[in-house]
Structure formats: structure tokens, C-alpha cells
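Lettered A, B, C, D and E in written order, each chain numbered from 1.
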Amino acid sequence: MLFFFETLIKIALLIAGLMTAAAYLVLVERWMAAWIQDRVGPNRVGVPLTKIRLFGLGQPAADGGKFFFKEEFTPGHVDRALYFLGPMIMLTAALAVFAVIPFGSVLPTRFGVEGLSEPIRLVVAPGMAAGLVYVFAVNGLAVYGALLSGWASNNKYSLLGGLRSAAQLVSYELPLGLGILGVVLVAGSLDLETIISHQAQSGAWNFMLQPLGFVIFFVAGFAESGRLPFDLAESEQELVGGYHTEYSGVKLLMIMVSEYLHMFTASFLIVILFFGGWHFWGLTGSSDVVTWPVALLRVVVLLGKVLLTILFFMVARWSWPRFRFDQLMGLAWKVMLPLGLLNLVVLAVWMEYGRAVAEATGLSYLAATAAVGWGTLAVAWLAVVWFAPSASDNRPQRSPVVQEVCR
Amino acid sequence: MIHITIDNRPLELRDDERLNCIEAARRVGIEIPHYCWHPGLSVVASCRMCLIEYGMTNQATGQVEMMPKLVPACQTPAVDGSVVVTNSVKVARARAMVEEGLLLDHPIDCPICDKAGECLLQDYHFQYGQDERRADVRPFTSRRRDIGDVTLFVDRCILCSRCVRFVREVSGTSELYVSGRGAHEEIDVVEGFPLANNLSGNVVDLCPVGALGDKDFLYKQRVWYLKRHAAVCTGCSAGCSIWIEENHDRIYRLKPRENLAVNRWWICNEGRYGYPHVHNPERLLLPRRREGDTVTTPDWTKLPRELGERLRGAGRMAAVLSPFLTVEEAFLLCQYARSIDPEAVLVLGPVPVVGEDEVFPGGFTIRAEKCPNRRGVEEVLLASSGGLRTLESLLDELDRLPFGAIWVAGGYRQPWIDEPTAQRLARADVLVVQDLFPSPLSELATYALPSAAFAEREGSYVNYADQLQTAARGVRPPAGVRTEGSLLWELLSRERMYRASSVLEDVARAIGYFAPAAKGVGPTGIDLRANLLA
Amino acid sequence: MKPNDPDIRWVKEPPMGPTGKTYLSLFLGGFTTTLKHLVSKKKTIPFPDRHYECPDPLIYRGVHRLNRDDQGRVKCVACFLCSTACPAYCIDIVAAESPWPDREKYPESFTIDELRCIYCGMCEEACPVDAIELTSLFDLSGKSREEMIFDKEKLLAVYDMTKDAEPRRTAGRPPTPPRDTGGPS
Amino acid sequence: MNPVALVHDYLAVGALLFGIGLIGLISRRNLIVMFLSVEIMLQGVSLSLVAWSRFHGDEGGQVFILFIIAVAACEAAVALALILMLSCQAGNLDVAGWRRLREEGIEPPVDPGPETLPPPAPDWIPLTPVGRAPDVPPEETDYRPYV
Amino acid sequence: MDPTRIMLLAALMNGAGLWLLLPQTGSFPFRRPLNRTLGTLLGSAGLGLMASQLPGLGEWFSGSVFWGSVFWILAGVTVVAAAAAVVSRDPVYSALWFGLMLLGTAGLFLFSGAAFLAVATVTVYAGAILVTFLFVLMLAQPEGRAGYDRTSTEALLSAVTGSMIVALLSIVLGRVLGLPEAIAISSAATGGTGPTPDVARLGTVLFSRYLIAVEVAGVLLLTALVGAAAILARRNKCPCEDQTTANQMDSPTEGAA
């Protein structure tokens, strides 16, 4: 029973935290967007009925209220059951992923309760052996949300938006998996907690050891969360709004929150798999037995890292142009898939013979691994440059010589 | 056969054709600009806009001998062996110079000039004029002078003298003359003798610039907003071809349409200014049903069925066909009356005659018979009932034995029936009246149906000289008004929409008189007498 | 246009070199630009607190006005050129013969539907007497659609309101000469 | 739970899935639905395998299911390609359209066929209220709504 | 009554229910709403009857209610979703019901301790296979119901066959598992607890004992991939594709060069 309540409390905490975080990160994103465009951003909504503006911190409440009180319009031509089901599937899948994602390491104390002899692990479903595969499975279900809402809307723009989105998500699951496989190979486990503690114990975060895998996972994570420059599903500036063209009100809110949650998932996974999770050198220690301050510090470190990643997501949105759809698919299948396989093969070979080589050369094992990793990245990058089709430079020309060549 | 070469394009004319070079060039699709020449007027060759290079083929040698100087095309007959050049630099320069000369003191007040948009000076300036103005004077006066029926903007005039020739040659009234000499020439009227004749409106059409302004149209609407529809004037039995020019279902002016078989290039003022009744607010605008003393407004959607039932149950039927009906409507009404009562009495309504025919020296005639289609309705009645009966005979018969139902088609522009006659007609059980304006008859009618004015209906008319012409619909009828044709079409339970052209084909098949119309009617109409002679 | 038209000059973009194909400089370039703007000075004007000062009211396209001439009469001559040029069909004019001796034509009514207007400035371009102009008033709002249909009086009132701040574009042009009512000259 | 009871229940569920899939495979005419029915049968078998694997405490059954998944993936790829080809040629996904692929001397399957069906009722999309045309009798459209 | 007969009856009821629910021509055997109601009633009655004869239900009432109910819910969802997938007229709905059935099966896998299998099933089946099928369905029939989805071939015969097989299997199962040998085997084995839910152990077994099989499966996958590509590479010969468009698209650039 205690286990039951513990899990319930964790779930409640997690959902409340995620929803609040989503609401406020929307505000942060709007601020970032505004600042990058030399604007000020939302700074008006504060305490209602007063002149207190609080830098616009009341904006999320106003946004949420607007979503709830807006007319929820259901077009007459939709397939009703699936139209309602689509957003629900999306939100459920996006939330269910967090069952295996740790948001800290452990809490040491027993709260004076006799049954809680063991430290509380800060993850909803601790010890899920197939944790990473679970993430994949649930992410796969999220595709249905897009596909169904697109099809049920009975609108060709929505349908094509849904298919676009689904094709992108399905395609980028492969490089995502290949990027992870290296980490799993090194850690020897699919459990995210184990992966973190493995990095903490070795002291070397995975992005230092296998940068190629990190790059692949990072890019695929962007694509999976459907953020710019991979937001082909929506392309709000160019195409009709994608699969949620026909949605409004709370259902639209559900879709948008689940898109935000995908970004959280991607950020959490990036931090946990490649940036050492809660670990920070000299601050958090690496053992499983912790004191209260350390346990809280670990949570703070993990969430701080995640926040930084999310901020990077937000800045990236305004930094680089969007891909074309064929480029998007080409990147997944022609570039990242082979590179992911290369990364995997190199790592597998290194795992088998690495220690011997390190001993032979006299380097420490970690340094040698890092060297191999960065070497692989360099080779892969050069190969991409070499094999890439000839591209033209369409930046504005400055040199008159080039102008002449143009003619 | 006359062989001519115009801009290296060969043209062959019949031996009996006497054309000038402007007309000949038009045959091959070359437009020679001109101001003073008009096909209906004498040639003065005063504007010099139509200057061309002209030469003759020497019949003996076959050599072309060009004239040393430019000649006006309007005054140069296209005889056998003529060679005309209109696209040379010399001609272009001559046109530009003429244009510059005309514009030297022509006020540039196009924004407030009613002619802007259809002004020849504007058009030719853009086509043939110079790009820049070399003169340092900027004319900006636009003196206005009231010369009678029309307004004269003195400074806009380019002295083409079309209007002067018109009042001398066509209307024969000679009010206008050119006063002054040289640069001081102006159009004017003699003190005390203003321009006042029944054709005076035509000078406005004739004026190539905005010098003569129509008082009726002045400042009402810009011409580029107007949409024109080919129609037939219904003012008198001459049946002149006209353009209805309208915007947003409001007629702004009527203009003559060139039809050499009927009215040539002219129409009378009576026809030209005879459109305001279309927009008269006193028109009947809703159908009315009278039962006893109660008056109700029936629903158009249910009215045809109701009418059919009432008429069928009434007994003997008579129909009065007004000469304002189109041929198609008269035909449909006869058919409908016969379908209700095979023995129905069909009579011709009163034919309004005002005064005498007014014949002008130029040959133009304003007919005294002020209805457009007496001949057409008569022929339809002859074909449907074998004889022609008038309203008086119907009234006589009405006194002897009562009719169950009488259908009166009106559409007269003027009051046409007096109270006693109306009372006599109203003795029928069911009296259906279709009319434009309220009359004693429509007050007594069981069903008073609004009818459409001439510009609101399509159909064909036969004028006094058996010329059949078709008119297109100019404006939509006001809400609540249905054209007679479409109502009768529905009463006869025909399918699809009412289309006058297809009904006319039926008429041509059914009635021999109209047989020539079976192959379609051109813009100038068809002379039905040709058929009778044959 | 045909592809083999000899007048077409086909410009080929310069090919990207191997360093360019790494996309590193492009990647970092985009990122630095973004970051630069992230910390740069903001250009937003907090609107109700501070108002936008139009640097050149002559080129701003805001609410219309109908200019008055020297005697305070409406300058418009009802030539319909603005309503002809209007791509949104928002100008409605009823013309009449003017009651003044020096003018032929004037607008009996002049109506602009400001809601339908797209503020393209074509009316201003088309006007031959510079009677209609667009002012720099931009915060146009109203409580009903009817209120936003400006009639002649309202448009003239806009002129009265803005004439000091925004002089007429062609203030220097001489007035039209008085009409010559005499006989033949 | 009693292991025997558990394996019994699993096997019963597996048998039901197998039977349902079989019915679907035989009776449905849509190629893709037929394929899905086959997959249902496979899932039934997988369930039995899991049950037996647990019953015997041996991973063999689970490994076998992994192979089933692999085979299903292959099957999906090839079948989808074939279905695409076929539907592209026939214009629909109807399996009855391919009855000429039988051997010589075998009677064609008795099939009501789509051509004997009544034409399906037109499935008009209801207009949203704002898009509905005003209820004007057709003869009224000939007249302008104002004077 | 004899459990064998009950099983037979239950299977027959299931078959009859499915037969009624299958898409039929016109109003056969009854009108469509009646067909649906009757089919649903018969099918659920059959399922209940069958469940009552399974030993697990009794265990449920006696033993742990929570886990027992989890199993029954999962099993019910699976079977009902499978039936719905088979009888749905709209193939898209069919695919979605199939997806729900997959989730139910994955739950049953998880329930019997095969966690990796559960997530693998969801990942591969639901995440990849079914999505591609939905792609085809949504693109092939955007407007939904075709005539061939409104009829079935030999519905009655197939229902009889299917229900007979189910009945046969269930009856045989009951007989076989009731034998003392089965009890003995189960107690001799791990006592029904099954393999520990350990992914690592499954991996070890997979890549040691069944290495050859894994290799063969890999080769099979590769072959299938090549085969699918080969089949679809000839799609240009398909009459519905307009081959000239591709050529026309290219010509302007040639002219430009």
C-alpha cells in the first residue's frame, strides 16, 4: 500500500510540476522570442484588477483561461470519435513517457515512517528494466495522436499535416535509437537511473566519450519534439497549421501542451543520457547513498541542466531556417542512419578491444575512449562533407569578384 | 472590282461601293483617327487628324505614284488602284502635330469632364500624341454656356463642327453656328434661338470631346463605370436601336446604337430621356390580390399555381394584349389563354397615338404611334385567333354576356384606361392585370401584378416597318417584380429558365410571319417583309 | 517566359566549398546573430503609456482626410478617380454641380468605409487636386461598424484636426485660377 | 494465481484471438484488413508462447516471439509493397478483384461482388451553419434584393 | 452441464455474434442496428460463458482480486478489440482497434513478466507497422467506405470454422491441462513464477543459444527490405502514374543549361 501511495504522490507531483513548467516555459519562450526579435514580450498581465504587472508573470494564467473559455468549436464534418481521441492520445502518451524518467536521484530519509526503510527513488516507475525501450514504445504511440487528429478532421490540409508529422516522427525514431544504443552499450543497461549513475561513477559524461552519438541523438531529439528547424508538421508560416488546423479550445491546448511535453522529454533524455543527469563534478558526489542537501542539490542540478537545454531549444527556434521535407527525410535516412551505425560499430569494437589498446598505448581508458569518440565524429563529419551533394552558397555576396564569377 | 492597297494589305471592294479611305481602312482592320468626319454627316475635312499618305497605281505602267503631301482620308475616295499608307513616320508626325495643336488650349479638366473615358481627344492623345507638352501655357478655363437643350463648355471644343452639320443636315433646325474667325472660333447659338429640337441630344453623342454636355447626365456618373446592353427603344413604333448604359441596376443614360436599317446613328430626345419611368417609385412593385375589400400580397412562389386554379375555375376567358409586350410574351400569353380556355377571346389593347409623325429633313422620323410592338402583337393575335379584335369589341361582347376571367397585359408608360372602361372590365369574376403603374384598372383587379419596364425584360419587338429586333435585359427588375415572360413561362409549367431567344424560335416555327427569325437575329434585326414578299 | 529565351541571363550561385559544406560557419553564424539580438536593446514602444512619434507623417498611411481649400470649402472635385483606383471599393461619392461660381463639380457626399479600406494610398496617388490624403493617425477604433464609415464631415474634421501637424503635401501649388465667366475672349 | 489456471487462461485468450483473426481473414475483403487479421492470429500464437514460456520457466518462448515480431515486420514490408502495387493497378483494395490469380480448373469464388451492391448513399458533408446558403426559392434569384 | 458442451456453446455463440457483426450485404440477416445489438449481446454472452469455464475466474474470486481483475480487464480489452478490428467497416477504425488489441496483448505480456516483449511489440507493431498501414489507408481511401468494405465473403462459413477451431482448442486445452502431468510439470518448473523480468538475461539467451536464429532473422529482414524496395521500384509501370510529367518537369532546366 505504501508503495502505492508513494507512486501516486510522485505522479501527482510530476504532473503538477510538468503542467506548471509548461505554462511558465511558454511565457519564457515568448520572452525569448520577443527579445531575439528586439521586442519586449508579454509584460502586462499581473495581478488582475490592479495595476501590478509583475513583468507579465500572470500571462500563463490568462493564456490558460483563454483556452478554457474560448468556444470549443467542433466542425460538422469531422469523425467525432477520433477527433476527440486524437488529442487525448497525444497528451496521454506525452505524459506516460515520464513514468521512467528520473527527476532526481534518491531521497535518503524515511520520513519517520516505518515502512519506508528504503530510500525513495525519484522516478515514478523505478527499476524498469526496459526503461528506454518503454520511452520508445510510448513515443511511438504519440504518432497516433497526430495521425488520428489529422485524419479525423476530414480536411485535406489536416490530413497531409498529420501524415507529414507521422512520417517525420517514424523516420527520426531510428537515428534516435541508434544514438541511444551507444550509451546503452557503455552503461550495459536500459534503465535511465543506471545510465546516470554509470556516468556519475566514471565522472565522464557521455557526450565527451561519444560525441557522434550525442550529435545524432540531439538532432533526432529536436526532430522528435517537432521544434524548429524540424517543425515540418506545422510550418505555421508556410503551410496551413498542420494536423491541428481544425482544433480549438481545450483540445488545442492538449495538443500544444503535449508538444511542449515532447520538448521536455527530449531535454530530459539529452541531459540524462549525455550530460550526466544529476551529476556535477565536485558538487553532487556519485554514490547511491546521499544526504538531504545532496539529494536536493542533485534535483536542482538535473533540472538546471534541463532548463538550459530547453533554453537552447528556444534559441534554436529563431536561429536556423527550416528544412525542406525531402531534406528532412534525406537527413534521417541518408546521413544520420549510416552515421549512427558507424558510431555503434566503432563503440562495439572499442568495448571489445578498447582496454587492451588503452593499456598498450599507455593512455587512461577514458581518455582513449574520448579520443576515439571525437575521432569518429571528425571522420563522420568529413565523410558527410565529402559525400554531400554540391550545394550553392546563397548567402549575400560581398566580394565583387564573386559577383563577376556569377555572371 | 475595286482593288486597293492599305498598308501593304490588299482590299477588294464591289464596284458599286463608294467608300472613303477611313471606311476602306476599317475593312482591313486599320483604324484611322478622325474627329470631324462622321458617316452620317457631310465631309468637311477640317480636323486634319485623318491625314494619310495616298497614291495611285498607274494602270499603264503598274508603278505607284504617291502624292507629294498628306491628304485627309475622309475626303479621299477609295478608287481602283488606290494605295494608302497609314503607318509611316510622316503620318505619325502629322497626327502628333494635330493632336498638339488641339491640346494647346484645350482645358485639362478631364477629372470633372463627363466625356473622360470615352473622349476621342484623350484616346488619340495616348495613341498618337506626343509624350510631353512643349507649350508653356497651361489652359485651365472651362467656360460654360447654356445653349438650350445641352450645355456648351466653350473652351473644350475642337471645332470639328459635327454638331453644326447635324443641326443643318439631319434635324434641319440650324440653331448652331460657328462664330468668330481663326483662333477665336466658337460654337454658338443666335441670341433668342436656343438649341431646341427633338434630336438635340444627338449632338452630345456626336461631340468627340466634352464640349457639349448632356444636362440629364451631367456629373451623374463616370462613363467607365457604365455597362452597356444592346436594346430597343420602346418610345414609339420606330423601334430605334439603343444602348442601355447602367451601373448597379440604375440606368444613367440611353444612347443610339448604329443600325442603318432603322435609326442610322440617331435617336430622338423623347426616347433618349424616356427612361426615368423605370426608376419611378410609383411603379407597382408587389403583386396584390383583392378579395372583396381586403387587399393582400400573395407570395410569388405560390402565385402561379393559385392563378392557374382560379383562372381554370372561372369559365370563359379573355386576354387583352398590350402593344408594349414583346413578341415572345404575347405568344406565351396567347398560349396560356388557350390552355385555360380553348375558346378564349384574344384582343389587342389600345394603341396610343400622339399627334402626327415628325419627319426631319435628314430622314429621321419620330412616329406618332407611341408603342413598340403593335405589328408583332397583331401578327401573334392573327395567328392565334384568326382575326384581329380590339378592346372595344371585347367590351361590347362583355356587355352582352359575361366573362369569367380577363387577363389584361398593360405596361403602358402613360395613363391608358379610364374609370368607366375599367369598371366594365372589372365585371369579370377574375381580373388579372399586369401593369407598370397603378391605374383605375389595377385598383379593381383581382390580381394586380407588377410588370417589368422595357429595360428589365428581354425579348423582340417588330417596328412599324416589320423590322424585328431583339433587346437584351439592361437592369434587373426591382424586388417583387417578375417579368411577364418568366411568369407566363412558369404558368405554362415549362421547364428550366425563361429564355426569350428559345421562345422566339418557337414563335418562328409556329407563325409564318416570324419564320425568318428562326435562324437567329443579328444586332441590327431582321426585316420580316422579305419573307412576306417571297 | 520561355526557358531558352536569349534575353534571360542565367545566374549560377557560387558552389559551396568544403569548409562551407561543413555548415559550421552557417550554424554558428545563425546562433551568434540570435544571441546578439537576445541581449540587444529592445525597440518596442509601450503603446498606451508612450505614443509612437511618426518620423515622417507625409509617408505614413493612416486615416484619410479631405482637404479644404483656401476658403474652407472641400477641395474635392468629385472626379471619382480615387474610387476608381481603390482596390477595396471602399470610397463612395455622389457628385453634384457645385454651388460655387469657380468650380463645376463637388461631392455632395463622400464616404469612406475605413474598415474596408486597406490603406494602400492609391486614392492619394490618384487624386488630381490633392484633396484626399492619408494622415499619420493610426490608432483608429470605434464601437460599431457604422461609426467607422466616415462621411464628408468627418473626413473634413480629420483635416481640421491634423492640418497643423501635417501640412498638405502640395501646399506650395498656386490655387486654381478663377473661372472665366465672360464671353468669347 | 495457480500456474496451470494462468496458462489455461492465456491459452484460451490466444485461441480466441486466433479464431477471430481466422474469421476476419476468411470473410473480409479489404486486403489491409485481411493482413490485420493475420496479425491478430499471430498475436494469439504469441500469447500462447508467452504463457508456455512462463509455465516452463524458459526464455525459449519469448525468443520465439521476438522472431515472430521480426517475421511480422518482414511480412508487413513485403505485404505493404504488394498491396500498394495491387491497389495501384486495381484502383481499390478489394481482394475479389484478384480472383483471376487462381489455378486452372478451379471455379471462381462465389462472391456477391461490389457491382451487385446498391450504390452507397452519398455521404454529404454537412455544411457548417455559417456556410449554409440562404433558403431562397430559385425563381427569386432572378430578382435583385433591393429597388 | 458438462464443461465441454458449455465451451462448445460459448464458442458457437461467439461465432454467431461475429457473424452478425460482420459487414453484410443489405439488411442481411436482419436490419443493421438489430444485427449489431444481437451480435454484441451474443458475443459478450459467449465470452462471459467461456470465461466462466476458465479456471482463472475462480482463482480470481478466491485469490488476489487486484491482479486477477487486471488480467481479466486486459484479456477482455484484447479480445473485444480484436473482434472489433475484424468487424469494423471502416478500415481505419479496423486498424485502430487492432492497435488497441496490440496494447492489450502488450499488457498481457507484461502481466506474465515479459516486459521487454511488451514494449518491443508496441514499438515494432504499433510504432512502425501499423503506422505505415494507416498511411496507406488514409492516402488510399480518404473518403472512407468502399463497397467491398460493406460485404464479406462466406461470412457464415468462416464464422462456423473459426468458432469450431476455438471450441476445439479450448476443449482440448481443458482436457490436457487438467491432466496430472501438467500439474507435475508446473510444480517441477519454476512454480509458475516464470522467468524473472530481466532484459539482460533474455539478451544473453538470444545472442548465445539462438545466435544462428538471430542471424537468420536479420538476413530475413534484409531480404524483405530489398524485396519491398524491388517491388515498389517498378511502380513507375503502374498505369495510374503519368510518366510524362517527370520528363516535362526536367526539360526547363535542360534548356537553361
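The working rule: a residue touches a chain if its C-beta (ideal position, glycine included) is under 8 Å from a C-beta of that chain, and two chains touch if they have at least 3 such contacts.
Note that this is a predicted model, so its numbers are computed, not measured.
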Starting at subunit A, fewest touch steps before arriving at subunit C: 1
Identity of the most central chain, Cα criterion: C
Chain whose mean Cα position lies farthest from subunit C: E
Most distant chain from subunit A, judged by the mean position of its C-alpha atoms: B
Dominant chain pairing [most C-beta pairs in contact]: D-E
Subunit A and subunit D, separation of their C-alpha mean positions in angstrom: 35
Where subunit B and subunit C are represented by their mean Cα positions, the distance between them in whole Å: 43
Distance from subunit E to subunit C - Cα centre to Cα centre, in angstrom: 67
Subunit D-subunit E separation of Cα centroids, rounded to whole Å: 10
Multi-chain contact residues (two or more partners), subunit A: none
Contacts with two or more other chains, residues of subunit C listed in rising order: none
Multi-partner residues of subunit B (at least 2 other chains): none
In the complex, subunit C residues that touch subunit A: 9, 11-16, 18, 20-22, 26-27, 30-31, 33-35, 37-44, 46
Interface residues, subunit A side, partner subunit C - complex: 32, 34-40, 315-316, 318-320, 381, 385-386, 388, 390-395, 397, 402, 405-407
Subunit C-touching residues of subunit B, taken from the complex the two chains share: 109, 111-112, 140-144, 154, 179-180, 184, 186, 218-220, 222, 224-225
Parts of subunit E lying in touch with subunit A, wherever the complex brings them together: 92, 96, 99, 106, 115-116, 118-120, 122-123, 126-128, 131-132, 134-135, 138-139, 142, 197-200
Sites on subunit E touched by subunit D in the complex: 11, 14-15, 18, 22-23, 25-26, 47, 50, 54-56, 58-60, 63-64, 67-68, 71, 75, 78-79, 82-83, 85-88, 91, 94-95, 98, 101-102, 105, 108-109, 112-114, 116-117, 120-121, 124-125, 128-129, 132-133, 136-137, 140-141, 143-155, 157-159, 161-163, 165-166, 169-170, 173-174, 177, 182-183, 185-186, 189-195, 201-202, 205-206, 209-210, 213, 217, 220-221, 223-225, 227-229, 231-232, 234-235, 238-241
